[in-house]
Amino acid sequence: MHIPDNYLSPATCAVMGAVMVPVWAVAVRKVRTEVSNARVPLLGIGAAFSFLLMMFNVPLPGGTTGHAVGGTLLAVLLGPWSACISISIALLVQALMFGDGGILAFGANCFNMAFVIPFLGYVLFSVIRDVSKGRRAEYAGLAAGSYISISVAALCAAIELGVQPLLFRGPSGLPLYFPWPISVSIPAMVLPHLAVAGVAEAIFTVAIFTFIKRVSPGTISAAPKPRFRGVYALLVALVCLSPLGLLASGTAWGEWGIGEIGKMVGYVPEGMRRGFSFRALFPDYAVTGMSGVIGYVISAITGAAVLVITFKLIGLARRENRRKALT
Amino acid sequence: MLPQWLLRDEQYFPERDRDIFIDRSIRTLLTLLSRLRQREGGSEEKVRVNPGVRLGSTLLLILLLSLSRDFLFVAYAGALLLAILSVYRAELILRVLKTSLPIATFTLFVMLPSALWGNTSGLIMITLKVFFSVVAVKMFVSTAEWGSILGGLRIFMPRLFILVLDVTTRYLVLLGELSVSLLVALKLRSVGRNSRKQSSLAGVTGTLFLRSRQMAEEMYAAMECRCFTGSYPRGSTAKISAVDLVPLGVGALTVAVFAWTGMR
Amino acid sequence: MIVLRDVSYSYDGIPALSRISLSVARGESVAFIGPNGSGKSTLLKMISGIIHPDDGSYILDGEEITRSRLSDALFARRVHQRIGLLFQNPDTQLFCPAVWEEIAFGPRQMGLDRDSVDARVLDCLRLLGIEHLARRAPHNLSEGEKRRVALASVLALNPDVLALDEPMNGLDPRTKRFMRDVILSLINAGKTILCATHDFPYVEGVFTRAVVISGEHCVVRDDSYAAVIGGTAFLASLNIV
């Protein structure tokens, strides 16, 4: 679910970042005031834990494996605000160190995984647990919360990606960023999450919660008491409303009117309807300048750099071989 | 003293079971750990440019790359990045390419069908943009010490985030090693059919969580012993020197190229 | 039974074992001695089939242990059942919610019926003197108790070979003496013992043979235990005592 850079337009990234900034600001304030200083190291170590959770392969029925995010679990164990900070930090480390997820798309990725998952999962968990009390309700709440929240997060990612070809296109009508419309992106993203990743998330969340509850019940009771408050309703509303914000921002930029949004789901790319076509390679992008002196200079620099890099890598491979031969 | 069964030789012939998740998890975690260790070793290649300036110019380049609709600008940015990359040591080049090439290939794969209906420009532009953006980030992080990256990030983030980030990266190695050990312990005793795979894995990760909590408590105690009051002083950030004029100049040139290609 | 020929191993380019050759017969009790970081733990991991040599060969009962051989799950499981490894840090070895389940984990997988699993667990608990801990969570136990639980969980598989990585580390003197007695009785029962250790006063009379590994990750001496420990000057020259 980690969206790389250039899949989303900078405008979308800006909107998603703008949504996250107040969330982070509130989260930092909440953690500072409501929670004692002792929690600060826990946030960092929680982030490391959440990073590692994403690395585990969860066994699924049928012998296959899947990955989990563990957002709902962290929200239940640490509280949703702390979970939000911890997962954001884990995502930042992934983006910076491993190139998993883009830098500009950081806001969007945080929105999907550090905001939607912990808050939605937490709200569902606490509502189900409060409605029908008892142990079973607790586990049902956890399973439902984790399964639904990760699927909704995938849906958010699919919408963010899917609106790109609607909103951001060049003069010749070709998409400038992610090319697939919502009618493709939603099934492509959401179905695997409903079928595999959601199951992995639910199994994993319930199993770890059970283990911790059995081994160290104090940890669970020390976790912040789930309370369903207005603020969470507001957050859920925000989750639902932000795709609309996306559309609004896009129409302000691009050449699409409100009327076009209605066509969103049934959208078929122009070229797709017409079938395969040999268009000019770069109809939307100015490449004419490439023939001039500047184009020559750029090609020369690129060519020289690629040659140097290739020779260095060959040299490295040779050194490795020699080292192996010696030992 | 010893029970009878312990004195006998065990005549045991294992059954088949699909517990590939253990091996897969170990493999992913080992890759992570070896990359984290590379990071520690990578600091010898210190670039003397101020980390804040380098972070700023990297972000600027990524932003302009994403905004640009002109192939000439993308080509310019690519030439610039590759030219700088070619000065790096071969090991660092390899490290940068190992991260960026798979992501670019994945993008190519995602975009490929759209080329069939004429979106060849998107295919090439978006793949190149993705590739160069990841190259830019990797070039920055593989030549900067983690401390100086944090210093650079200070400008953009609240200090609580920076402190948390610092703790995270330090404990990532520790907890990563712990997870590998626990998974190996699980593997060593997984000698037959395990009917409760999920709860075994939950044992590993649950133990990991409880241990994390314990570490966090110990760390807080250690912080308090050294008079932690709840505020985090701003670390000294490197001063801007004459060397920094080079990236600033390149940055200005990049903005100029961007503006020029945008106006054509 | 265990034969290593010129094995080398390195972690991300940092050498941990360098051209080690060694052979251990059934029923032998061997101490591995060497400074911190000399590669004792790596060697035990290799013998346990967790890692495989970069160079050289490891032969267990006439069969070479290679990467491809270990990727055969059935073969790997057989190796893991035959060779029990006690980790240096018991914290990283225990992952079950209760001590009883921790010990039952292996036997349950081996397809034993419920009664024999229970009998084995009970025997292991008695052998290590931890019956009173059966319902406790391993996570909350003391260091010495964790070590006993870890050893019990390994013994429950009834391995032929026990690879013990500093089993006395961090224990109080009484527990150290207790561990010594357990190891001795395992040797008397015919188990092969490979043990990395520094606690010379507490392992007096346990081992018949000592293999000394230098800081350069090579075997520098392979002799009877008494002869190696007798020569303090030799150990001092290797920064061991």
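Labels A, B and C are assigned to the chains in the order they are written; within every chain, residues are numbered from 1.
Here is the rule we use: a contact is a pair of C-beta atoms (placed from the backbone, for glycine too) under 8 Å apart; a residue touches a chain by one contact, two chains touch by 3 or more.
Worth saying up front: this structure is predicted, and the values here are computed from it rather than measured.
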Between chain pairs A-C and A-B, which one is joined by a greater number of C-beta pairs in contact?
A-B
By mean C-alpha position, what chain is farthest away from chain B?
C
Using Cα averages as centroids, what's the distance between chain B and chain C in whole Å?
35
Computed distance of Cα centres, chain C from chain A, in Å:
44
Intercentroid distance (Cα basis), chain B paired with chain A, Å
15
At least two partner chains per residue is the criterion; list those residues in chain A.
211, 215-216
What residues in chain B touch two or more of the other chains?
19, 203-204, 206-207, 210
Residues of chain C that touch two or more other chains: which are they?
97, 139
For chain B, which residues count as touching chain C in their complex?
1-3, 5-10, 12-17, 19, 34, 37-38, 178, 181-182, 184-194, 200, 203-204, 206-207, 210-211
Which residues of chain C touch chain B in the complex?
12, 48, 50, 73-74, 77-78, 80-82, 84-85, 87, 89, 91-97, 105-106, 108-111, 116, 119-120, 123, 127, 139, 153-155, 157-160, 185-186, 189-190
Note: in the complex, chain C contacts chain A through residues 8, 54-55, 97-98, 137, 139-140
So in the complex, which bits of chain A are touching chain C?
211, 214-216, 327
Contacts from chain A onto chain B in the complex sit at residues 4-7, 9-10, 13, 24-25, 28, 31-32, 37-38, 40-49, 51-53, 55-59, 63, 65, 77, 85-86, 88-90, 92-93, 95-99, 102-104, 170, 174-180, 203-204, 207-208, 210-212, 215-216, 219, 269-272, 274-279, 281-287, 289-290, 294-295, 298-299, 301-302, 304-306, 308-309, 312-313, 315-316
